[in-house]
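Listed below are the structures to be examined.
You will see chain A twice below: alongside chain B first, and alongside chain C after that.
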Partner chain A sequence: MLAARRLVLAHLWTAFVVFAAAAVLGAWQMWVRSPLAAPFSTPDNYYLSVTAHGAAMAYVLTTFFIMGFGYYVAETALERTLPSMRWAWLGFALAIFGTAMTVLTVLSGRASVLYTFYPPLTASPFFYVGLVLVVVGSWIWCVLMILAMAQWKRANPGRPVPLAMFATVSNAVMWLWTTAGVAVELLFIVIPASLGLTETVDVGLTRTLFSWTLHAIVYFWLIPAYIAFYTMAPQAAGGRLYSDSMGRLSFILFLVYSLPVGLHHLFMDPEHSTGFKFVQMSLTVLVTVPTLLTVFTITASMEIAGRMRGGTGLFGWIGALPWRRPMVLATGLAFFMLWFGGGGGLVNMSYGMNAMVHNTSWVTAHFHLIFGGTVVMMYFAIAYEIWPRLTGRATQAPQLQCAQLWLWAIGMMVMTVPWHWLGLEGQWRRVAHFDYADPAIASWGPWVDVSVAGGAILLASALLFIWNLARFHADQAAKLTPVPPQRYAVAVHPPDHVPAALNGFALWNVVVLVLMAVAYGFPLAQFFIEAPPQAIVHHVDRAG
Partner chain B sequence: MAMDERTILRNELRWAAGVGAMVGVIFVAILFSSLALHRAPPSNIETVDPQTLHLAGEFTEANLGTHVTPDGQVTTRIVAAQFAFVPQCVVVPQGKPVTLRLSSPDVIHGILITGTNVNTMVVPGYVSQVRTVFAETGDLLMPCHEFCGLGHSEMTAHVMVVPQSSFRPDANGTASCASR
Partner chain C sequence: MEALDRAWRLWVGIILAGMVVTACVLGFVVVPLVQGGGPGFDAFTAICRAIGINLAPREAPRAAAPAQPASGVAWNSKTFGALAHGDKAAGAKFAQDTCIACHAPDGPPPDPSIPRLAGQSSFAIYKQLQDFKSSTRINEIMSGLAKAMTDTQIADVAAYYSSLARLDLDARHPAFAGPEIEALVERGDATRGVPPCASCHAATSGGPIETPTLTGQSPQYVAAALKDFAEGQRRNDIYGRMRGIAAKLTPAEMTLLGDYYTTPH
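Then we have the complex of A and B:
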């Protein structure tokens, strides 16, 4: 039995309980902004809900899941206990305390600034301090992951770090870089403003600092999904990983290219020149490379499995795959939605073309497909994969698990296809209610109704997921069946040794440093070279 | 499926070359559209003090709305503030270059104009500028598309695109929705 079992379960249950609550809010939001009459429909409630939904999904679900899964991978892939249980629990305690502080502040209605903050709008300081504590908790996790890999390497000189752990540490390193932007924004600008210590903020600077974080954070969420693609899906399908080195290379490319690209979120902003927007657009183009490499490697790995199971012909191996296994099914569905989400993303990053879709429902559709369709889909699959080993109970009703995954994919498509269309029609974002009597937008009503149905399907899936996990804990009979230990996919040709550059991150940190200096050096320095006029802080947590 | 190490490496390199080609095509397409077609994001770094925006200079009330200079340049100035645009309706001519200039005295806003590719953030401290040609006549919506507070949903303006024959600025070169 896993030594870190309770630690992992504490993290993952926190993640999923918060996820389920946020799914309820999401479905309600869909309803409010539709032509259908929804209860509690006021702007105050709506923006409270959007803030809670965003913060819960983007910060709480992800951070707790990634920490918990990281601890699981560190123990099972390295086959040794964590460097420090005490520090891990301290990180958890900080993150829980911060989450409670943030959630209570949001629910009190004193932090309706959405999860992306938008200073000079300024919420209660407790909202930001709570989030900082969550991040500090995750920094402890980062250090523990880096230490765990270092200790293993010392004990196993010359041997390649297992791919699942190599990827986990790449994420920890990336997260330390990623959070630097938002941490500086919160600690030095937003929190002082929220405390009343400053009365104005440099809005361009805060937006630029947040953009530093805003793209790489998505890869922070996404890396566990990729770990599952590389190390769990081929194993679940009964095959081999096509190439171990390609996996390492992909995770390194994520680390390198997900950071110096955040300015693509600010294409429509007036505070940056076309020059640096173009530089970061060019780097953004390269972010597609690791994903496209992954698509090949995982498809090839699945083909191996399909052919070993008797599939023949050009496409016959696809039908031969064990689609009734949740990990295999989730991988297929996640790939499907990654195509749509990634394709939408290519449009978003295409520089001038961004004007067509910026801040429309197109973008909302894009990131729900990436986040919900790929990231959360694989979080489900990972949970189904590891829950037997966390609870010591055999897998429960894979049919219900697969049904839940199907519902999630169907709901996500039913919700986001109308959003893409409405985005192209110009439906703007973050609106509590539309006036569907206006002839200019009356035709949108039926499309929005369809997306409400998608939201309802997603909510049903989210609740079924919680039910599926809870069954593991309830079923005493299943405890009698011994659960095999976690196995990660083995490569067709497992490497005996790999170059140092593919076995650690020292070199890549230097590359990131150089790229960040090029991409963000001047865009940040410009606010200090010639300070622009500041904007007055607007407190949303104070009357009047 | 041959799976010796050399075959795997060769397949991977082939795929990587394909990926490189695809990424190259996308990049060249963007390069072409930005350099040859001038499809670039709005990026004039031009500052203005949000705290005195309405008191002096370009964005005082008399200057807002659409103005035509004697040489025929059409400029439309709009203030985006919690939770309305000033003015709430602007008129522009069809088929002529129009320069939109926007700024905010308070928080972050953003605009798009439905049915067009006009889109920009409006960040306090800066003037956002978009040049465009409105291809078709009509009453277009110009909503605020960035969260600016609890009244964000109410923040919508109208852009009346009229044929050049009915676009009639007054003696000062001012054109408004009421007097068009």
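Then we have the complex of A and C:
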């Protein structure tokens, strides 16, 4: 049994319980926006719910999952205990305390500013302080991950760090860079405003600082999914990883290219010049490189597995794969949805096309498809993969796990495809109520109804997921003795040694620093060279 | 291995520099030069604008005529501080002596041409009294009274009236005014460029801070205020927001909007 078993379970259960509650809110929100009469439907409730749903899914589910999974990988891939259990628990306690503070503030209706904040809207300070505590907890995790790798390298000089851990540390390093933007925004601008210490905020500056975080955070969420693609899926399919170096390179490229690209969230904002938007758009194009590398490498790995299982012909290997294994099925479904989500993303990042979809439902549909379709799908698969090792019990019903994954994929497609279409039709986002009696938008109604059905399927899947995991704890009969160790996929040519650049992050931190200086140097400096007009703080937690 | 590491550093540097230079040349030089011709910039100006450097003179152009602000109230730290220090008790005492004959602390005013202040936003009361005081809003009774008030008394009275029991900020059960008026309140009229009333006059809207609460006012008062704005008799709305909107409304709509915002007592 793992030494960090309780630590990992505490993190992952927190993540999934919050996820299930947020899924209920999400399904209700789809209902409210539809022509169908929904209970509790007021604008206040809607924005409260959107804030709670967004903060729970984007900050709580992800951060706790990534921390818990990181501790799991550190112990199983490095085959040594964590550098400090005490600090790991302290990080957990901080994050739990922060989550409770945030959730209670949101539920009290004093923080309906949506999870991306939107200054000069300003919530109760407890909302922001709670989120800062979650981030501080995750910083402890980052340091522990970096330390764990450093200690392993000292004990194993010259040997390549196992890919799963290398990727986890790349995520920890990226997260430290990523959170710098939002931390500065919250600590120096938003929290002082929420406390009433300042009466005005520079909206352009806060949006720019948030954009620093906003794209890389998506890759923070995504990297565990990619770790599963590279190190778990080929193993589950009974094959080998096509290339270990390709994996390292992909994770490095995510670190490098996910950061200096955040201005593509501000293409329609007036505070930045076209030149810097263009430069960041060019860098955004390069984010597709590690994604395409991964699609190639994992497809090749799966082909190896399929052919080893007797598949022949150009596509015969696909049918030969063990699709009844949750990890293999989830990888297939996640890849399918990644094509659609990635395609939508290419539209968003193109300066010209962005103008068409800006502030429409297209964007909401896009990030649900990427986040739900790829990220959360693989979180499910990882949970099913590691739960037997965390509980010492085997599943009795893999078919229920597969059914849950299928439901999730179907629900996600049924929800997001009409949602994309509505975006192209011009349906605006962040709106609590649509009057479908208005002939101008009456034709949207049926499409939204379909999305509601998708939301209901997703909710059913989320609840089935919790049920599936709970069964591990309840089912005494399926005890595993001994508990099988976690095995990560072996590469076709396991690396004997790798260049320092593929075994650490010193070089890449310098690269990130240079790129961030180019991409964000002047766009941030301009606010101090010539201070723009400030906006009056609008406190949503104080009645006007 | 060391040679390999050196090669990695070298090639990463070359690729990175190549990438950044290409993006910069395209973004800062090629695109502005190709597209800069349209607006008629010279090459240097187009490049500077692409970087974000504004070559235009920093001072805004000044008109020869002196500015005539719609209101003397600026929503800055000083104003917020004054309002935050408003003393309810002192305000109540002042109101007892001066205001309540017309602006009762409970129930409707004695005359429909007088606005109801109980539960009104403190920002709205503060601004209107200051405007009477500075003569940016004129009323034969209020102008004289407000001119005699100190800034502290204005803040106190604003704090007092805003602390009284208020009616629901949203017209959740409006008096019947017809579907067209409800549509005007909720959706506005894009063909005339009239925004929805509810985009500012609702509890959760993000309207300007001085936006008053309309629910509970008499229909005559709301209709008369709209008429005054439309005719330019009243001009203390910042940026002429209400003058612009009211001028596009018909007299019948003004009357019906007054009905809409009346909450039956």
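Here are a few things to note about the model shown:
Please note the rule applied: the second predicted complex is superposed on the first by the 540 of 544 C-alpha atoms of A that agree within 3 Å, B and C clash if a C-alpha of one lies under 4 Å from a C-alpha of the other, contacts with A are read in each partner's own complex, and residues count from 1 in each chain.
We take it that contacts are C-beta pairs under 8 Å (C-beta built on N, C-alpha and C of every residue); 3 or more make two chains touch, one makes a residue touch a chain.
Everything numeric here is computed off the predicted structure, so don't read it as measured data.
With the C-alpha superposition on chain A as described, chain C and chain B clash in the combined arrangement. When the two complexes are overlaid on their common chain A, residue A:L314 makes contact with neither chain B nor chain C.
Within the superposed three-chain model, A:L121 lies in touch with chain B and with chain C [touch as defined at top]. Within the superposed three-chain model, A:L293 lies in touch with chain B and out of touch with chain C [touch as defined at top].
When the shared chain is aligned, chain B and chain C each come close enough to touch A:S273. By the touch criterion stated above, A:D202 is placed in contact with chain B alone, chain C being left untouched. In the superposition on chain A, the chain among chain B and chain C reaching more residues of chain A is B.
Residue contacts after overlaying the shared chain place A:D44 against chain B and chain C alike. Contacts of A:R430 after superposition: chain B is touched, whereas chain C is not reached. By the touch criterion defined above, A:P499 reaches chain C but does not reach chain B. When both complexes are overlaid on chain A, the residue A:L283 reaches chain C alone and has no touch with chain B. 43-44, 47, 121, 272-274, 277-278, 282, 286, 438, 526, 536, 538 are the residues of chain A that lie in the contact sets of both chain B and chain C, per the superposition on chain A. By the touch criterion given at the top, residues 43-44, 47, 112-114, 118, 120-121, 202-204, 207, 242-243, 246, 266-274, 277-278, 281-282, 285-286, 288-289, 292-293, 296-297, 300, 303-304, 307, 346, 350-356, 358-360, 425-426, 428-434, 438, 440-441, 492-493, 526, 532-536, 538, 540 of chain A touch chain B in their complex.
Against chain A, in their complex, chain C makes its touches with residues 1, 4-5, 8-9, 12, 16, 19-20, 22-24, 26-28, 31-32, 49-52, 54, 58, 75-77, 80, 121, 123, 186-187, 203-204, 206, 209, 211. Those residues of chain B whose C-beta lies close enough to touch chain A in the complex are 1, 3, 5, 8, 11-12, 15-16, 19-20, 22-23, 26-27, 29-30, 33-34, 37, 39-51, 82, 104, 106-108, 110, 112-115, 117-129, 139-141, 143-153.
Chain contact summary for the complex, chain A toward chain C: residues 43-44, 47, 121, 199, 272-279, 282-283, 286, 435, 438, 497, 499-502, 507, 511, 514-515, 518, 522-523, 526, 530, 536, 538, 544.
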